[in-house]
Every structure is written in structure tokens, then in C-alpha cells.
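Report on the structure given below.
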Amino acid sequence: MEPLVRAALLEDLGRAGDITSQAIVPNAIQAKAALVARQAGTVAGLAFAQLAFELIDPGLRVTIAIPDAQKISPGETIAIIEGPAQSLLTAERVALNFLGHLSGIATVTASIAGAIAHTKAKITCTRKTTPNLRAAEKYAVRCGGGQNHRFGLDDAILIKDNHIALAGGIGEALRRAKAHAGHLVKIEIEVDTLAQLEEVLRHGADAILLDNMPPAMLRDAVEMVNGQAITEASGRITPETAPAIAETGVDLLSAGWLTHSAPVLDIGLDIET
Amino acid sequence: MEPLVRAALLEDLGRAGDITSQAIVPNAIQAKAALVARQAGTVAGLAFAQLAFELIDPGLRVTIAIPDAQKISPGETIAIIEGPAQSLLTAERVALNFLGHLSGIATVTASIAGAIAHTKAKITCTRKTTPNLRAAEKYAVRCGGGQNHRFGLDDAILIKDNHIALAGGIGEALRRAKAHAGHLVKIEIEVDTLAQLEEVLRHGADAILLDNMPPAMLRDAVEMVNGQAITEASGRITPETAPAIAETGVDLLSAGWLTHSAPVLDIGLDIET
Amino acid sequence: MEPLVRAALLEDLGRAGDITSQAIVPNAIQAKAALVARQAGTVAGLAFAQLAFELIDPGLRVTIAIPDAQKISPGETIAIIEGPAQSLLTAERVALNFLGHLSGIATVTASIAGAIAHTKAKITCTRKTTPNLRAAEKYAVRCGGGQNHRFGLDDAILIKDNHIALAGGIGEALRRAKAHAGHLVKIEIEVDTLAQLEEVLRHGADAILLDNMPPAMLRDAVEMVNGQAITEASGRITPETAPAIAETGVDLLSAGWLTHSAPVLDIGLDIET
Amino acid sequence: MEPLVRAALLEDLGRAGDITSQAIVPNAIQAKAALVARQAGTVAGLAFAQLAFELIDPGLRVTIAIPDAQKISPGETIAIIEGPAQSLLTAERVALNFLGHLSGIATVTASIAGAIAHTKAKITCTRKTTPNLRAAEKYAVRCGGGQNHRFGLDDAILIKDNHIALAGGIGEALRRAKAHAGHLVKIEIEVDTLAQLEEVLRHGADAILLDNMPPAMLRDAVEMVNGQAITEASGRITPETAPAIAETGVDLLSAGWLTHSAPVLDIGLDIET
Amino acid sequence: MEPLVRAALLEDLGRAGDITSQAIVPNAIQAKAALVARQAGTVAGLAFAQLAFELIDPGLRVTIAIPDAQKISPGETIAIIEGPAQSLLTAERVALNFLGHLSGIATVTASIAGAIAHTKAKITCTRKTTPNLRAAEKYAVRCGGGQNHRFGLDDAILIKDNHIALAGGIGEALRRAKAHAGHLVKIEIEVDTLAQLEEVLRHGADAILLDNMPPAMLRDAVEMVNGQAITEASGRITPETAPAIAETGVDLLSAGWLTHSAPVLDIGLDIET
Amino acid sequence: MEPLVRAALLEDLGRAGDITSQAIVPNAIQAKAALVARQAGTVAGLAFAQLAFELIDPGLRVTIAIPDAQKISPGETIAIIEGPAQSLLTAERVALNFLGHLSGIATVTASIAGAIAHTKAKITCTRKTTPNLRAAEKYAVRCGGGQNHRFGLDDAILIKDNHIALAGGIGEALRRAKAHAGHLVKIEIEVDTLAQLEEVLRHGADAILLDNMPPAMLRDAVEMVNGQAITEASGRITPETAPAIAETGVDLLSAGWLTHSAPVLDIGLDIET
């Protein structure tokens, strides 16, 4: 986490640092400021924000009022920062950039997790993450009540349509995967049709990704699988579509946009004194 | 650019690499694939995608069909990649993560740039960027026809409400800024009211940020400034609101969401052979 | 791989470089040298050695005669290096340090893999590796015909005696693991006795590590497991003990000393001209 | 030292960290554990182990019972670690990998140092070290009572057979070395025969490496040198052969296997509470 | 700052560290030492020196007697260092290398700043700095009472003779610069003659660099500019020539040699006890 | 070398790069430029300059006319650079900063080397170098005909006055040094008086640093040493004082100012077409 925050601070400070605050705000002035939600949502990333303040000036003290994974309402104070005013302003933007981005992800995740809470299904993210922020974004998904899929290409085997085509078929792809996988590696495979699903079930897999199937078809798929593998539905998962999909009995719903297209949660910094 | 792409590849490859493609796709198989737009938009970031493929395998050849800053329609081919199929699949996700993110930014920028093309105003981004991707995101804004604001805290002086409060007033803040600034540093100041604007004009500044003013008020502000400074309008800039704001005569419209909340542009990779 | 080799070269070159060869061997002299086995064994790590030569001088050409994973006899030539003599001598030690270390690991792995080739069992390594050489050492194990266990703490869940004690029992440990694990994460658990094994089987696990059990007890354990989980035997695995252990029907034998205590394979560099 | 330990921790933690301990061992549980010798030997590397624990969690307190360079018996406690149980287990393997590797080197060094303690000769290591661990391994040699040879190619001039061949003879090699060497650089040269030794003595050198000579021949060589240079014997140095070699009157015995082939010293971590 | 000092310490320590002090000065000996000026001058860089001592040994305490930007006389004590003698000697050279270099720059800057103190002109540095020490050297210039010019190529536009030639003239160069520059970027242009100056004034620029003009010509230039732009004189600025140049009414004098050719200020370390 | 140049380029380019050349000089324009000496001197560092051009744009071709270690006259062309004009201007300053700095060192070294060419003495540098440029500066000294002293604290033992004081005397310091030094490490000791010298000679050392002795005293010292050790004179070595000092028969003259206070050699870049 520290290298990420340090790099982001250097990106913002450049060579000469915060020349505005240096010019205008004397070093000796102390201030107290609040991180305040401008929108309802779910908090994630306070440790990043806190670190941004502390790396700029160990004299800045951050007190967290509403910790990560908690819901917030507009106007609520998430944290208080106290210390030298110049340092506080210097760190503000980087702290908010992390906090807003990760809280935005937690917020959309929570909206789907809430919509399917009456089912056994869980919402999970994908590898469609912002470059070099994957671990942070996956953490934000957990803050929003979601589960994590693979952290990278080496975590598990996930056979997609292109792999199947290049292997010459589902059976051959699964055979090669099993021959290559270490004894602690699981195998998941993507299918688009029930015919493909039937072929997968003949060969066996740990998990099956049911891609872009309508709820009725998903329901048939879950019945066919009948507990022989974990089932994951993907494609067009939104707070509106999620309940019907989750009610089909699938184990997981996965959605790339949680991490790649969630808008930031609007959080501001208000100087109090 | 290379360190960013290299880090993103390592983030995805982990220690053991793409174990799925290693297992299933023999090294010797050659493939040809197309990066295809699934949505209309503006391309940005092809060099990042190209580098992802080439860093994984110098044997992958990328041919660009529609370069950065061009508009694309759904179904259009943006680039062709040819070479070892295993390497191609290994680099796919990182390449698409960069390309989708940056094209998403270019696309929303272009939508606003188009909406104000009949005025002299330009759309510009802010420092509200994704941590450690600022330079790339600012490039994407330019691809979309936007202009860039400060790259960091050391580029220019930008006096905001918190600075004014801590300095004890607009006049004192501007006085301190001018005393501190090097001879090649410009000074911009944020105002919320016409009274504040009047005070700024008495002291002089290179640029004035008119924050959250409705169009009528903006029009008055532009008249008051009367060419003595560059004018920048910010707050709630969308493709819908932008024309009215731009028609007030301001020089610039600035919007943080271009970089922090633009959804990705959906681009896929189709194996052709 | 390149950062490892580059760091090892800098470690050896220091600030002033190879002052012996600089003093004695003129830049212009060309040489041809052979990497020659002084012992029988299995080759691993030629790419590291090749890179050491090429990073010192792109003018050094390495031709591989016996590739990785092949067996060699004393006196056999593994590779030929041609080019500037001074550069060749400068890179020699680092190249040999990598090649000898990794070939040593491949050689001991192959000795066990050979001893159990008549059974279905495979030999696998552990996380007891040399700091910062894990991926290279795991590759060397594969060159010797072994399989790889976890690459790190995040690959899979492996519950050991300390975890069980701190959880308050096998059942509770497995329950917590299942609740926490993502859908693509496998769970393995270590047992020392058949009573523990029975408890594990009641709760279910993907794999079971049978630690330090004598062959007769292993045979009973395999029978009890009866295909409900992968079985792994560990403790005192040597070329001598391995056959009896493998013949009990376990799926895997694991041994830390493959990577942490394998002696180097003696390989020398002979200047031919 | 810190970069090495930090890199080794990252190598083990991967992206998601110790998912086993996260799942099973609550953050709040405190534990006390002992690093216990399973074999007799000499300790080296406690600072690396301590740093591994402290980098994972500054709340882990390490108390050293038997410091580096001391001998230990099986069952003896080397150090106590107290603090959060989850963190303790997370750092365990990296701490032990360093400690076992370096103590293994110290142990074999001590076995030879002990065998030649009745002579004036000292045991020294070489540049045949594990890539990127040289300084640590040379430290372990000192813990075992050995001396250090060159840390790298730039420390001193060491003329080997290949250099002599490429220079066209011993005399020319020494002449070039003296012309090139700075005033604080020593020159050592390797010889295989007494005839070569005679030639070296005619030209003069600071130290002479007597390679692979049997004890009787070494005795003649030492007599011929007669204090005009430091003498170093190399080749097949073991605890068994060392006394006879040391008794020939040479100043130093050097052995590559101290650093490249010493088996780890078996040390375990026992949770006490 | 810390990466610079850390790198410089590693550069000096090499692999085996300060073998002289290790051999001769026992760890337990405490010492008190003074950094003493051997010449008159202006101090700059104490934080670098302090960090060098503290990075070597946090047990070294540095007490500053004469802070940065203050003038010192020969024999005066600048700072006191207390702590382990071995550590103190190990850090000495790196600490002095930074302190002497930066104080040398501050000293020459102060000599010119003093010579023009009776005018409104300021002395400023350039981009002719020692590679990788720019920020530190620009800080030293400020300690000496100077101002900073651009920190790099991206701070502002500075059009030089080569740019003008390649653009085909002053007018075209300024036109292109204005079209490209963001709204917070200033534009400066270099002229050698009054004819060029006239052309610049017709097109407008924020600042004008009057290169190598004699005082009489500078006076004419300042009159022509008449407050329409900032004026900067460069070329052969020394403590002797500076007053006459400054008296012409220019705003700034710039000199590369402040940073690239200032001799070190001679400062020594005296062990007191 | 490459990390140094790359870092210096990043230091100059900042985030947005050379905005002047981007604005004014179209990418497609080709140029030919000459690096031209404005002063007489000795060239050093062309590889750094060349690398700066090539790292900015591999399309820039550098042809060296007068290689490192050669003397140049004012107006002479040192190298030609051809290629894209924009890239050429972007790299210019960093290339010249390296080349001017290192040629400045070579030039002052050559002036002293020339002044003592009629004696057997050599001029050598010290550890008083610019932080993080030591290896480059030592190379420049060799280009000027000088020799290199220690590259760092770990190269050799050099006992200075502070060490002697802390050890309690010359004899004890030398005893400790010999007990600690590896067999390939030389020992030098600094003396200020002939009495100290006598004491050193009683105990023996490889080299003796005669600090700040006038020529007559140096002559006596050399006679006393009488070939039993290498002699090095230091203190106030200039082109004027060097001949008399060298004529005393010392082996070496050492001077810190060669590296820490040599003014840059003035070299410019002239666009030819």
C-alpha cells in the first residue's frame, strides 16, 4: 500500500511541491479538517487516505469516525484530520483521489449485494480492474460486501471461449488443464449454451461460468449442474437485473464494471478551524 | 509509460504466470486477433495496449487500424495482433484494461468537446485523477479534444477557498502568492460570488476559476472580467449543461469526472484464426 | 528473471568491475568457451546463464547443446559461448552460480522422481526455498521431473498444526477456512495421526498432508481417504525412502530439501581457444 | 539487509497475503513462539529473521537467547517471538528460510574452522555464492569462524588459469596486472604446479592460490614461497581433509561449498501459548 | 531527499562497509564531533548531512548550531554530532560531500545576491545543474538568496535561438507556443538584439531573456520593454559584473555557473572527544 | 550508467516533457547539430551524452569526432548528432550537463598530470566526489590521465587522524587493521609529521599518506620510507604546486578538488541545419 500512496504523492507534488500552500499558508498554522460525504455510499480506502496525510507530515493526526465497509449518509463526517494546515492541504487531493475511487467501488458493490441479500448468491469482481490498483480495488469490493475472484492469471485456471477454440473443444481443454494444474489449483470453465454445459459436466470442472444466459436458461443450467460444480453467472449484472439472476440458484454473480466503471463517491475536505 | 505497463503485467501474471494458457494453448500455435469496439466512442491508449502485447512477447505484431483520438463505431476493428496465441491471450486483459479505461475518458471528453464546439470555450480536466495514472489520463483527455489543467501541485498556483480562509482574505492570499511565485509561474484563484470576483479583479490574477455559478451569473462574471484574466467555469459540467455554460463566454470548462468517473469503453479481443 | 541476473551481476561487479580481466585480457581478443559438466546430473537454468553473458556483453553468443531438463554425463558440453574474452570471463562466475545452483536442484529432484517412476506418485517441492529465488527454484524442480506446490501464502489454504491449535481443533479450522476461501481456492490440511485424519474426512478437504507417517501408516491413511481428497506424504523423503512411501498409494511426496539443501551441480567453464 | 527481507516477504505473500492465517487465526489472538534448533550447529542470520517478523508486524517482539556465531544443541531455544499470532505465522517461513540457510553455512564453516584450529591456517569462502545473497553468506562464514575472500570482481586482482592462458604466460599476466592496479589493490595468482609457482616467485605477487595440490606438494610450495607471499590452498577442502592441508603451513584454505552447498540447519518454530 | 542520501551512502559503503572503522574503532566507543567551517560562506544542505548520519545509525544525534541560509566564518561550528564513533566516521564523507557541495552553491549565490542588493534585480539559477541533484541545488540557490528558474522542461515555455530558427522566426515561434500552452503556462523567449526584442514586443510574451547584452544595450532593452514583460539578463554574470547589469533595471540575472561550477565550501569534521 | 542518465532525463522532463519543443518544433523536422568546445580542455563523458540522446529518441544518431581522453581546442567539433529536431533539443541540456561536468574534471586532472609528467608521480582523486556520480567522476579522472584511489570505504583500509586518536595511537591502529583485514586488503595510513612516519615504519603499512607536508619535508619522508611503502602526498595540490611536490619522489599526489570543485568545461550545441 505504501508504495502506491508514495508514488501518487510524488505524481502530484512534482519537483517543487505544493507551491500554492507554501506561498499562502504559513507552516506554523494548525488546522482541523473533516472528510465529509457529499453522497450516500459505503466507505473504503481510509487507510490509503490516512497514509497520504501521514507520509506528507507525520504531524498530521487522522481520527476515523466511520470505518471502511460502513454505510454513510450525505453530510456525515468520515474522519477528522488535525495538524499543520499547509501539510493538510498538500495531501488533500491524493487522499481524496484514493478514498473517492475505492468508496465508489464499495458503493456499487454494496448496491448489488443488497439487491441479492435474500438469496444465497454472492457478488464477485473480475480481473477487469484499473491497472496497478487491483489489490486495492478487490479490497473495496470486499468492503462493499462482495467476494473476490482471481487476483491474477496464476491463481486458478479459467478456461474461456478463446482457449476452448484453440484447444479444439471443451473436452480437450479440460484434459490439458487437469494434466497441467498443480494439486492445489482449481479449474473453472466458461460456457454459453446448455449443450456446452452438458459437455463440461461429462468431463468435470470445479466451477462453471455461465456467460450471458437469461434467468430461465440459468435456472436450467443450475438444475443440470446439480451441485457438481460451483456456478457463476456473468454478463449485464446491475442492481436491477441482479435479483432475478440470483434467484435462479447460481452461487455467484460476477461483474467487471464494479471495478472498472464505478463512479467515484463524492467526498470533500472541509476546514473546520 | 513502460514502467506502468510492466507493473500492470506483473500484477496480473503473479509468480506462475498465465497458467490457463500455458496448460491449454501450445507455444507453437499462431493466432490473429482483432481489438473490436463494442460501443461507439473515441480511441485512446493504443500505445499502452501495444506495449502490453510486446512486453509479453516481442513476437507479437500489433497493426493499428484506427489510431488514438479517432472516433469508432460499434463493431469496428481498432487494431490487429498477430503472433503466438499463448502470448496473445496472456497479454489480453492488461491491454484491454488500459485501452478501455483511457478510451472511456477520451469518449466522455469528446462528448463535451462536441457539445461546445460552436463556442470558443474548451473543456479541461483537473487533478482528480486515478492515482498513478495522471499523465495517461491527461493524454486521454487530449485525445478527446480536451485541454489539460495543472499536472500537479508544482505547475502553477491555484488558490482555493481553503487557502483564502487560511490567509485571511483574497487580497492577502494574492499578495502572498505573487511574492512567492517564480517569474514563470501563473496564478489562478477560485471565486464563488461576484463580490469575491470584484475583489480579485482589484488585485489582479492570471486566471479565475468561477465555481458552481449558474449561466446567468457566469455571463455577468465574464463581463466583469472583461479580458483581464482567463476565465474557467467548474461544477456540474455534463454534455447537457455544457453548451449553456460555454455560451456565457468563459474560456474554459473544467470537470473532474472526465478522469475519475468515466466508464470504460467496451472493447473486446476476437480471435480470428 | 532479468532483474535477478542483473542484480547478481552488480553484486559481483561492484563499482569498478572485473579489474583482473580489464588488466590482463585486451578487449579485442575473441574466445570460445564451453560450459562442461564435471558431474552427472540434470541441467536447469541455462536461460539465467545465457542472460548473464548477454547482459555483460550483447556480443557474446551462447549456443545451447543440452537444454534444460536433460540429463548430462561428466565431461559433456552443455553450451558454447563465443565472443570477447574479457566479457566472457567477467560473466563466468554469475552464470555458473545460477546454473550450478538450479542444476543441483534439478538433479536431486530427478533422483527422487526416478526412484518413484514405477508408482503414480509425484515428487513436489515446498515453500522452503532460498530467499528471492523461489520461482527459479520451482522451475528447476519441474526440470527435474517434479511438481510444484504453492508458490506462496496466497495460492491456496494450507492448514498446519499451529493453525489447528490456534483455532481450537480441526473442525473449527476447516469451517473457518471454507467460510473465508474464494470459490477458486483449494484447502489442504496437515495431519499427524489417523485419528486426526478421520476428523478431517468428516469435515472434508481438497487435500491432506500426511506428515511424518511411516509407510504402513501411510497405507492405512490412503485407504481411509479412499479418493475423497488428494494425499501428500512429507517428512524424510530421500531417494532411498521414496519408493516405499510412493508405493503406499499417496498422490504426492513433498520435500523441502530439494530446494533448500541441494548441493550445486559442478559445472565449469573451459576456454577452448 | 532490509531490501532482501522485504523482497522475500513479498515473494511469499503474493497479492492476497497469508490467506490461511487470515481465515483461521483472529487478529486479536496473541501468541508466544520459540525458534528451536532441531540439530546441533552454529547460529547465523538472526537479524534477518527478526526483521522478517518486524516488517510483517511492528507489534511482534523478538528476544534473542543465543546470538549469531554461537553454537547450539538440538532442542535449544534460539529466540522467542511474542505478539499477534496471525502475524507471527505469516512471517514464520521467510524468517526460517533466512535463518536456516545462513546457519547452515555457519555450521559447515565452523566444522572446518574447528578441524584446523591447531594450525595457523584460516578457512575462507569464495565468490561461489547464491545469487544476490553474497554479503549475507559472507557474514555467515564469519559467524562460523571463517574469513572472507573477495566480495566481488573489483576488490582485488585474482589471476586464474584462463587469464594466464589469454595473456600468454604468468610473467606477462603479472606485468599487466601491476601496470593496471591502483596503489591499494592486491594481486593474487593461481598456480597448479611447482614450476608455475617458481615463475610467479620470480615476478612477485601479494598472494598465491595453490590449486588442487596434495599435502606433500603444498608443503614444498610453502617452503618455496618462504613468506614472500600469502599462500592459499583450494580444492576438495572438507572437515576430513582440512587438517592435513592446514598442517602444510599454508595461510588459508578456501572452499566454495561453504556457501553454495551447505545444507540448511534445521530450525523450527514452536508455538508455546 | 532520502533516496539521494541513501544512494550516496551505498555508493560509499560498497558491499563490506567501512572496513577501516570496523577494524579500528570499537562499536561501544562514543564520540562528539563538530562540523566546522574552514572558509567563510553560506550554509546549505544540513538536512542532507543530518540524514546521512541518521541513516547510518539512528543513535547519532545531530544538533544544528547555524542553520541553512546563514552566513558562517572560518572556524565556526555549524553542527554537533554525538553518538557511536564508528558510525560517525562511517557517515562523515557522504555528509560532508553533500554539505560542502550545496554550501558552495549557496556561497556563490550569496556573493552575487549581495552585490546587487541595492537594486530591484534578483539572481536566479538555470537548468545547468549537476545530474540528479537539481532540486537540492535549487534549494541551495534559495539559501543563498537567489530565486529559482524552471525546475525542468515542463514548467514553462522558454523559446531559445534554436527554436526560433527551426520555427522560421520569432513571430511564428510565439504563435505556436501560445496555441500549444495550457492556460497556466507562461512563455519566455530569448533575444540577442534590440531588433529581435522589437519583434517579440509586437507579438507579446510573458518574459524576455536578454542574452549576452552589454549594460548599455540592456538599459535600452529595459526601456523598450517598459513593463510589458519580465526581463532577464544572462551571460557572464559574476560578483564583479553583476552590479552594473542589475542597475540597468532588469528584473532578473541568471547564471548557470551557480550550480554547475561553484567550488565546494570547505567544511571539516573535528572529533572533540 | 543508464540508470543515471535515465534519472537525469526524468528530472528534466517532469510529467509533461519538453513543452517548448513540442509546441514549436514539428516531429517531422530533421536536424544536424554539433557539440562544439567553447574552451580548450580534455573530453570525458561522451557515452553519457550519447545515451541521453538515444534514450530520448533511438532515431538520434551520434557520431563521435574526438573521443574521451583526447584534448580539444576552442571551436572544435566533438560529436555530431543527427535526427528529429524536437528530440535533439529535448535531450540537449542533460547531455551537456553530463559532458560539461565530466570534461571539466578531466581537464583539471590533465592540467596537473601534464605538470608532473617529468616525474614518476601520478595524480589521483579521492572520495570527495559529487554524491551518486563517483564512478563517472573517477572515470573522468582516468580520462585526464589520473589514477583512481579507493572507490569506497570497503576497497582498502585507510587510517586517518581520527582513527588513530580513537585507537590510542599509530601502533594500535595498525595492529587492529592487520588483524581485521582480509588477505587481499591493503592498509594505508595518514601521517602529518616525520615522527609519526617513523612510528608507522616500525609497524609496517602498504601505503602512507603524507598530509600537508611542504616539499622539503616530503623529500625527507620519501627518503625515510625508502621503498618500504607507497607514498602519497596530499594537501593544496594545484598545477602550480604539483611539480615541486612530485619532484620530491612521492609515488602519488591526491587532490579532492579534481572531483568536487572542477568547473564545467564549456561545451555548446550548435544546430547546423
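First chain written, first letter: the chains are A, B, C, D, E and F, and each begins at residue 1.
Criterion: contacts are C-beta pairs under 8 Å (C-beta built on N, C-alpha and C of every residue); 3 or more make two chains touch, one makes a residue touch a chain.
Predicted model, so just to flag it, every value in this text is computed and none were measured.
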Report same or different for the subunit D and subunit F interface, where same means the shared residue numbers exceed half of all residue numbers found there.
-> same
B-F, C-F or E-F checked against C-D; over half of contact pairs coincide for E-F
What's the chain with its C-alpha centre farthest out from subunit F?
-> A
When the centre of a chain is set as the mean of its C-alpha atoms, what distance in Å lies between subunit D and subunit E?
-> 46
Using mean CA coordinates as chain centres, what's the subunit A-subunit C distance in Å?
-> 35
Averaged-CA centre spacing for the pair subunit D and subunit B, given as whole angstrom | 54
What positions in subunit D touch 2 or more of the other chains?
-> 11, 14-16, 134-135, 148, 151-152, 154-156, 158, 185
So that we know how the chains sit together, what is the shape of their touch graph: line, ring, star, complete or other?
-> complete
Along subunit B, where are the residues that touch subunit E in the complex?
-> 124, 147-151, 154-156, 158, 182-186, 188, 206-207, 230, 232, 251-252
Residues of subunit A defined as touching subunit E within the complex | 14-16
In the complex, subunit C residues that touch subunit B = 134-135, 148, 151-152
Mind pulling up the subunit B residues that touch subunit A in the complex?
-> 4-5, 7-8, 11-25, 29, 31, 85, 89-90, 93-94, 96-98, 100-101, 104, 127-135, 151-160, 162-163, 165-167, 173, 176-177, 179-181, 185, 257, 260-261, 263-264, 269, 271
